[in-house]
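First the structure, then my questions, so here it is.
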Amino acid sequence: MTSIAVAGASGYAGGEILRLLLGHPRVVSGEVTIGALTAGGNAGTRLGEHQPHLFPLADRVLDDTTPEVLAGHDVVFMALPHGASGPLADKLPPATLVVDCGADHRLTDSEEWTRFYGTPYAGTWPYGLPEIPGAREVLSGATRVAVPGCYPTVSVLSLLPAVAARIVDSAVTIVAVSGTSGAGRSTRVDLLASEVIGSARAYGVGGAHRHNPEIGQALSAVAGEPVAVSFTPVLAPMARGILATCTARTTASADEVRAVYEKAYADEPFVHLLPDGALPTTGSVIGSNSVALSVTVDERAQTLVVVGAIDNLTKGTGGAAVQSMNIALGFDEAEGLTTVGVAP
Amino acid sequence: MTSIAVAGASGYAGGEILRLLLGHPRVVSGEVTIGALTAGGNAGTRLGEHQPHLFPLADRVLDDTTPEVLAGHDVVFMALPHGASGPLADKLPPATLVVDCGADHRLTDSEEWTRFYGTPYAGTWPYGLPEIPGAREVLSGATRVAVPGCYPTVSVLSLLPAVAARIVDSAVTIVAVSGTSGAGRSTRVDLLASEVIGSARAYGVGGAHRHNPEIGQALSAVAGEPVAVSFTPVLAPMARGILATCTARTTASADEVRAVYEKAYADEPFVHLLPDGALPTTGSVIGSNSVALSVTVDERAQTLVVVGAIDNLTKGTGGAAVQSMNIALGFDEAEGLTTVGVAP
Amino acid sequence: MTSIAVAGASGYAGGEILRLLLGHPRVVSGEVTIGALTAGGNAGTRLGEHQPHLFPLADRVLDDTTPEVLAGHDVVFMALPHGASGPLADKLPPATLVVDCGADHRLTDSEEWTRFYGTPYAGTWPYGLPEIPGAREVLSGATRVAVPGCYPTVSVLSLLPAVAARIVDSAVTIVAVSGTSGAGRSTRVDLLASEVIGSARAYGVGGAHRHNPEIGQALSAVAGEPVAVSFTPVLAPMARGILATCTARTTASADEVRAVYEKAYADEPFVHLLPDGALPTTGSVIGSNSVALSVTVDERAQTLVVVGAIDNLTKGTGGAAVQSMNIALGFDEAEGLTTVGVAP
Amino acid sequence: MTSIAVAGASGYAGGEILRLLLGHPRVVSGEVTIGALTAGGNAGTRLGEHQPHLFPLADRVLDDTTPEVLAGHDVVFMALPHGASGPLADKLPPATLVVDCGADHRLTDSEEWTRFYGTPYAGTWPYGLPEIPGAREVLSGATRVAVPGCYPTVSVLSLLPAVAARIVDSAVTIVAVSGTSGAGRSTRVDLLASEVIGSARAYGVGGAHRHNPEIGQALSAVAGEPVAVSFTPVLAPMARGILATCTARTTASADEVRAVYEKAYADEPFVHLLPDGALPTTGSVIGSNSVALSVTVDERAQTLVVVGAIDNLTKGTGGAAVQSMNIALGFDEAEGLTTVGVAP
């Protein structure tokens, strides 16, 4: 029997992990159990106060997030503020599978970490984006996984085949429209419903967003050369979903591009390359682990336009965490995950 | 006394023109009167059935859109489907001020018109974007005005100073997030609330949107050389507002860029260059004729990022129409228009 | 092996049934198969054009909705416009399980049917609301099921225990706030995103909504006397979910009321009576078959206030359809259904 | 010259007052000036940081909310948390017109105040709902005005004619759907966009909401007898607007009811009784001072259903404040206010 703890269970990422686990066939069968659920300020309260949609766990009382509480589980999901998982993970047994939804273990370059996050550098863990060539081998049997950021997930998967095949320029421009849940359950004025509803706004403009170096790192790795990334996130009045419009100069034809993408994603269970003329909507992937992609070439502007859609909480966080756990533990990769969104 | 007719009064653009006219000081004083209101399929019905927010005009009955009904007014606003205003305008007296909110008279290149619209080419009228250098001189006393498209308005105003000053590359990338009212009151499945709410989607990807040539035409004109435009519109779950993220390669510094923009817009009543660190929101310009702009330089990616926000129905359509009328008739340019948005 | 056909597969109700079936364990295992998918005007097109979230079925081509196409399946779900399922069902074999999501077979009183719907009366089928005492016995082994309307489902489940226990007056007032998907995929102006977003409106006011007689019929049956129902539906800017505020005069205490509700729903897998002080949100039941209820007594106004929340497409339509199928076929009632919502 | 101060200028109510004042003809002409703008925690910051839509005042710096800063103005608008305006108003000169948007001076019954608010009772001021018979006489020349709550405004105006004419029972049921701005700019988890978007929820159920006694007070006064009020507020995913569904038992006919309402509101500039068959939408009154009403009789349920719509920030707060100021100072009542909403 495998037991799982979730640290940060009262937040959005923690809630999403629990939502998926409650439908995971091994949890349903009892082979895997949901153990300690922990929180910071919400410790001591019922989970139902924070996650009213998780009816089966409503009466669970949240524990404090401490190594003592988490130790003794086979799997620990960490859905904590950036900077919190590094020190905590150090105190967990090496054999425990620790899946970190925070940024702490994503960047390979300590200077980049310091520049964008400021807290002490915690090193790099295997990157939980199985669709990157070679990633599954690294994740299989791993005991530490760094779940990618939501923007990097959709940005990288949108551009990866083109960058890897070197059919685009090494400067890419990404404008990604996101729902508010990506910012977590933070009580900030700019995240209030009254501010968000009926309004769109950009933030982290000019390369300031923390996901910038993560996107650059992944794309540069597959390109084998530095890729310059202009990334602008835009907040839209929706709770979930990211739609990334990714552009790069190209001289390739539409057919060449499509062939590259078809080949790259032919065997990926969660990546859906849409037929010509169809375009992704975030609404079609809500609650699912799917990535919907369209590829178009603007011949006049000699530009490749890839539009990608994910649910930031599922494929962008909790789904990637469960997918990585499945791979690490040798389960079927898709267990507990669906390609089917909740729409409309 | 000046009388005004509005053709297409039951649609969103027509409704916005009427909303603004009802607050125009010369309409309030009685110097300007609102005459015939016309429609296509809705002719014969009360305006209140279609524009429930226009209480003072609720009992007006819509006439058919014919030259006979429209003739005899001093000003005719046309808020009609693309292709409809060309033939109609031919039958209106030359001395009548005709302000066309459709696309029919925007493009100077007949081949571009044919390529993107398909209907017979109707020629070019003075372009109702007063903020373009020299435009006010042309609009003053004009009897024909082509109101710009909503996406071109915000895109051009976002990039104009940089392009005119040649501090950016001649290839620009624009991703513009829009509310649904820009698509008009069309009963299409993809515009249903159930499809739009909770979802973002791109459309007209790869240079296919009809506003593409209009943006290129305006930017190329101020640049004095061809500007390649990659333009992607994105629909977000909001009724009004466009947020355009406009990027171009640059070697200029942030200070240089800011100086260029400050100089360009120093005397513009409706263009607000936000202070460093502030970023536009569409929510702050709803119902107003304002354009909110931020300029940022991403030094690593050597990219200028200008974010612009407008209300697509006000500055993007009806407000520009009234602003143009004011200039054409010699009124104060800002009469009946406000810089103050309705927020939150 | 059991084969299932879905008539009306390109609409919202049909899409929801398919979404749930794709996660049904007997479909996953292959014991139950998804056969013909049919449509009206959309026949001949790919399902993916209409239901982009149902990736596994994207390439299925829609058949015409005819008895010939549907016959030969063990189960037929009908998600058709009101009035269409009556004539169609007559031509299906008696042994086929026909689950009708339309209204055609809900009302026992033919005069009420004629008054509210106008089309010929098609008779009454077993009512697919298993939570009504005695309903499961009728549904078990049934070959015809009338799935309740979405408003009746939440209204009846909110008031049933109080009405059955006769602790409230026989006149009840229900104001139910609904998302737009309850109106189906109809291209009506008043369902456009631009009209719905940022606005709330009542409709069918004064007893005019077609769900009025259905609510009265169910409540009167459990009361054993006529219950007068004042029902007002309100459309809110969301795609899914109904929140019903149900009030009735009472002299019972809060404790008495709670005891009645706890007893009534103690064994119901999908009805969640929230603890004192907690109130339902539609957000917590999206995509789930859950009904969340709060019971409160306003002692000053001597009024019982029950607030109920469901997802109109799941428990309000597709989930009830699958739940009824499970009971009719002798499967476990909850197979393929979850109590866990997708939130936030 | 008349000078105006606004206390609480960084909140939603304060922002709305300023939005309206910026369009007030006497402010435009310079006869009335906008003086001190004050805040609590936001004192010392630019107004533009908090009210980005008020471009003309963006560079104003917020003062502390103290009697010293406010004194010396002819008019003081107070948009402060409940309990704050009572003590502050005591220190302002008697001749200063103080318009309080808080609840402090609304309730005539000190016990009700204590029961619902808890802070010391501050007494009663003239009630700023001019549409109540006799109210204008009291407000004319007044130097203290208590602006009604947003829910009471729409609830009372919806039911007033029927209650005053005694054509309904003395027990009324109100379910009012509201946008989030009514809760102010409070950084509470339950007001976050992620929680609100896609979800509806009731709150203050069972007579617990603070607007309950205010509604009862006003309706009982016009009825001349106690009116029992069951009031349930519901939060919907929109920023502005309240739609109140108000029901009461009646034996009057639809014609009788309509005659009563037509007579009551014949001369009211801001109350619009919609024609038979039309129903209010909050979308049609956004940004306006309008109240849209429909009256319907459900003959089967012997119930009057009045649906009322207002913008909670305009007619529900800032518009009522300006309307009251206009009356108190002898200006035309409608100056600076519009009946025209911003739609769609």
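Should a chain be cited, it is by its letter among A, B, C and D, assigned in written order, with residues numbered from 1 in that chain.
FYI, contacts are C-beta pairs under 8 Å (C-beta built on N, C-alpha and C of every residue); 3 or more make two chains touch, one makes a residue touch a chain.
Source: prediction; values computed, not measured.
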| item | value |
| --- | --- |
| Set of chains whose contacts include both chain D and chain A | B, C |
| Reference chain B; chain at largest CA-centroid distance | C |
| Chain B-chain C separation of Cα centroids, rounded to whole Å | 44 |
| Chain centre separation in whole Å, for chain D relative to chain C (CA means) | 38 |
| For chain A, residues that touch 2 or more chains besides their own | 12, 181, 194-195, 197-198, 237-240, 281, 283-284, 286, 343-344 |
| Partner chain A, residues of chain C touching it in the complex | 12, 15, 19, 22-23, 48-49, 51-56, 58, 181, 197-198, 239-240, 272, 275, 278, 281, 283-288, 290, 292, 338-344 |
| Residue numbers on chain D that touch chain A, as the complex places them | 12, 179-181, 183, 185-189, 191-198, 237-239 |
| In the complex with chain A, residue positions of chain B that touch it | 171, 173, 175, 177, 194-195, 197-203, 205-207, 228-230, 232, 234, 236-241, 243, 245, 247, 249, 279-284, 286, 294, 296-303, 305, 307, 309, 343-344 |
